[in-house]
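Each chain gets a letter, A, B and C, in the order it is written, and its residues are counted from 1.
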Amino acid sequence: MNILTDINFDYTLRIVALGSAILGALSGALGAFAVLRKQSLIGDTISHAALPGIAVAFFFTGNKTTTILLIGAALSGWLATLFILGIVKATRIKLDSALGLVLSVFFGFGLVMLTFIQKRPDANQAGLEKFLFGQAATLLAADVQMMAILAGVAVLALMLLWKEFKLLSFDEDFGATQGFAMNRINLMLTTLLVVAIVLGLQTVGVVLMSAMIVAPAAAARQWTDKLSTMVLLSAVFGVAAGVSGSLLSSRIPKLPTGPTIVLCISTVVLFSIFVAPARGLLWRWLRRRRNRRQFRAEAVLLDLMDMARHHPNLEHPHAAAVLHTLNLDGRAVRNSLAELAERELVRPAGAGLWSLTQAGIAEAQQLERRFQAED
Amino acid sequence: MNGLNEKHKPPRDQAAIWVEDLTVAYQDKPVLWDVDLAIPKGVLMAIVGPNGAGKTTMIKAMLGLVDPVAGRVEVFGKPFREQRRLLGYVPQRTSVDWDFPTNVLDVVMMGRYGTLGWFRRPGKAEREKAMHALEKVAMDPYADRQISQLSGGQQQRVFLARALAQEAEVYLMDEPFQGVDATTERAIVDLLRELRKQGRTVVVVHHDLQTVPDYFDWVFLLNVRRIACGPVETFFTEENLRLAYGGRVAILGERKPIADDAKSL
Amino acid sequence: MQPQVEIQLIAAVVAVACALPGVFLVLRRMAMMSDAISHAILFGIVVAFLVVESLGSPFLVFGAALTGVLTVSMVEGLFKTRLVKEDAAIGLVFPVLFSIGVILISRFAGNVHLDIDAVLLGELAFAPFDRLMFNNHDLGPKALWVMGGILLLNIILIVLFFKELKLASFDEGLASALGFSPALIHYGLMSQVSLTAVGAFDAVGSILVVALMIGPPTSAYLLTDRLSRMLSISAAIGVISAVSGYWLAHWWDVNIAGSIATMIGLIFFLIYLFAPRRGVVALLRRRNYQRWHFAESMLAVHLLTHLGQPEEARECHRDEVHKHLNWQENHAKRVVRRALQDGYVHLDKDILRLTAIGKKLAGKAVVE
């Protein structure tokens, strides 16, 4: 909080930043499990399916308090996951179809309810429409308080059931043979996911909330091979994107919150995919290039060795030009020779001639032995 | 048909696993039909049958992972639900995502989760047991290795170690030899023999018919129905194999082979 | 024509145009691609609007549809890095394009006559007011012409490439072995989906596009195994939902697209419950039947084993069989009652005897 108060934030902005941080942390952490279970798109269905819940909650209570609306959202999001499960378990319909069907039907029904409600005299539709694309500026202190409490409960549950959730995500059948009620664990994880999604609706909106489930986790996965680190990192990315996105959208007019947050987190994903150590595309590309270079250098070295065998003195120099037989162009040979020279495996003998050093001979012999062993 | 192979059925309370009238259907057609099976304690048993014969389903039914339409499974004389701790499971290697962010030791420790129960975190004791299990499959140097970096054979050995960490009485393994290198195959066979020496019961879904007599002492031939079950030298016959693999003949309604089977006993 | 009739006609045409490619999405397990595409094309549509302030020209429709294909190739490119799984790749790509679209709309609201709500929700009610004029002749609503054209194109493509699509949907391996390029079929289908989505988008909004593409084919999938039938059933369900949805919206005065989606859901739910072979009720009945049928077979085999043997009177006594079959007494009573009803056995002084069909049942149980 210190940093937040030091910088001269006004009160609303502080609330917005705090709310977005909570939503980012929670959706990031729980999204990690959804992504690992190859259920990335379930978040999309849950968030769309929350719409009728919001509308129905308002319809029956006539109350526009965020808490009441979100309870409705959670119930219908949760109902949607039950439907998906019921469809996939009982019929031959695959998960993707079930997701698309439930998503669009629930959302369609939500629209019906929304337009139905609009005819009521007490309906000020602006109150409900913020849930479509999110409007961080509408966060109230009371909302953030509720978010904090729920997030606290969720984090506690996550810590308590850590081992069970890991088991569910990695090998559900094995968990069942150990006597765990995997259905129950699944239900709890799904419930937490529903809570995380619902808490983000006001800020990010139903249409784009799924990105907050998938993107932080996809980014985090690139940086680590450890589940706990991944979940933590995913939460951190979520916070960063949530706070920066909602602050940007609060400061700059005509910049809707949901899309801004999505662009922030997507930037993180892109960055991670390219530069994350070990897995990142950039490193992969460099590694491949290095391998290719090394492979070429080894080939040139072996070639020199082959030619040297025709002479009593293994250090007998040969012309680089002869080496072109190896399907390599002149430049590649020159580069390889330069590299070998740097490693002191060959040395120039003047007039385009090159000879092996003692170290080069040893290296070549070792390479030959390795290739023989592999054959 | 309850009478088939009756001679080789151990008494019910002495069997490690006792299966009665087991019938399993996924959608409309039964995948397992009225299977009776009694696995004596301490045997090394191969489940053999063509693709789609229901071998995996059989193992899953014994573990309670699929709900049977009819029938019962007992482990050491009690319903398996009360005996889950006694069963160790090695699923097909390809059944999990090996890109999951975790390391070898962590996977093996999952074998201790059942004993730990809800909420409790694995600690030093679990780590030690897991390391011990890894040593048995010569994977202890790889304890900290990320699982995506393992070869097929190493993955299989990690799964075996996880089952060993369960310290079970009966091990059920689904195609542990599938796609592993020769070293791993040797290691698995040694392990199976050691388990038998310790008096454990091991059930293995096996694909390579040639090695059955070498590796196993008991065989269960399955093709939707039970074809035959008993000691390898008596029951691993060409006749029975033809029944299991050319089983289509019998399915088409020729009844004779089964009668022959009964007579040959 | 009256606007009422025109709206229904447009809805029906959109429904069929969406259902046809939707069948292949469902069969190829790419249903969520429709969700991704229908969201992502917002980007292309907004750009098209910014350029010429209308989507009137077919050129722009095709241009916007390219965004859909772009989405598909981005998903594929991401997936091919093997850094993310396919579902995550889909979930990463479309929000980006959609977000850019939404931001463009809010920033250039003056230039884009595109209401952010209409994008999602569609406003079918206004579709009849945008007429296609030719030399001052009123040729009907523009949406009808656009969607009619797309529908025709979809039908022609499916008829022309029926064999290829069928093979690629059921056996991708065989399809490519026979020389049909999987990539070509994939991108062809995805272009079709994109084009259809763009055309439908204007009239019904992106979410209904998903409902129409996935709902009817998924329902049809529970009713038939044949591709040709699945196509026609999907089309029929689409039309029924469109028309009934329209009237529902009319009576309750609510959003038409939403109410069509609701009808799709309702129809699916009914089929989910009551489909003859694959519905939940049929499943439960079959499970129940299998249970009893199995028990009756066991009884029959038991009776056959002891038929005519000296111990028959003991083994096959109606009050004793449960002991020999190792059954609960009540269970055995019920099985015996069913077997009597089904005519597998008859009673001969309290001894259970197999009938002719009972013997057949026992025989089948032994062999099968």
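The criterion applied here is as follows: a contact is a pair of C-beta atoms (placed from the backbone, for glycine too) under 8 Å apart; a residue touches a chain by one contact, two chains touch by 3 or more.
Just so you know, these numbers come straight off a predicted model, no measurement behind them.
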Between B-C and A-B, the pair with more C-beta contacts: A-B
Chain of greatest Cα-centre distance to chain A: B
Chain A and chain C: spacing of chain centres that average the CA atoms, whole Å: 30
Computed distance of Cα centres, chain C from chain B, in Å: 38
Residue numbers of chain C (touch at least two other chains): none
Multi-chain contact sites of chain A, meaning residues that touch two or more partners: 38, 92, 221
Per-residue overlap in chain B, given as positions that touch at least 2 other chains: none
Chain A to chain B touching residues, read off their complex: 36, 38, 92, 160-164, 166-167, 169-171, 173-180, 221, 224-227, 229-230
Touching residues (chain side chain B, partner chain A) in the complex: 27, 60, 63-65, 84-85, 87, 89, 91, 95-97, 100-103, 106-107, 110, 113-114, 116, 118-122, 146, 148, 162, 166
Residues on chain A engaged by chain C in the complex (per definition of touch): 35, 38-41, 43-44, 48, 87, 90-94, 96-101, 103-116, 119, 129, 132-133, 207-208, 210-211, 213-215, 217-218, 221-222, 254-256, 258-260, 262-263, 266, 269, 273, 279, 281
Sites on chain C touched by chain A in the complex: 26, 29-32, 34-35, 39, 78, 81, 83-85, 87-88, 90-92, 95-96, 98-100, 102-103, 106-107, 109, 116-117, 120-121, 207-208, 210-211, 213-215, 217-218, 221-222, 249, 252-255, 257-262, 264-265, 268, 272, 278-280, 283
Touching residues on chain B, where the partner in the complex is chain C: 1, 3, 20-21, 23, 25, 28, 30, 33-34, 69-70, 224-225, 250-251, 253-255, 258
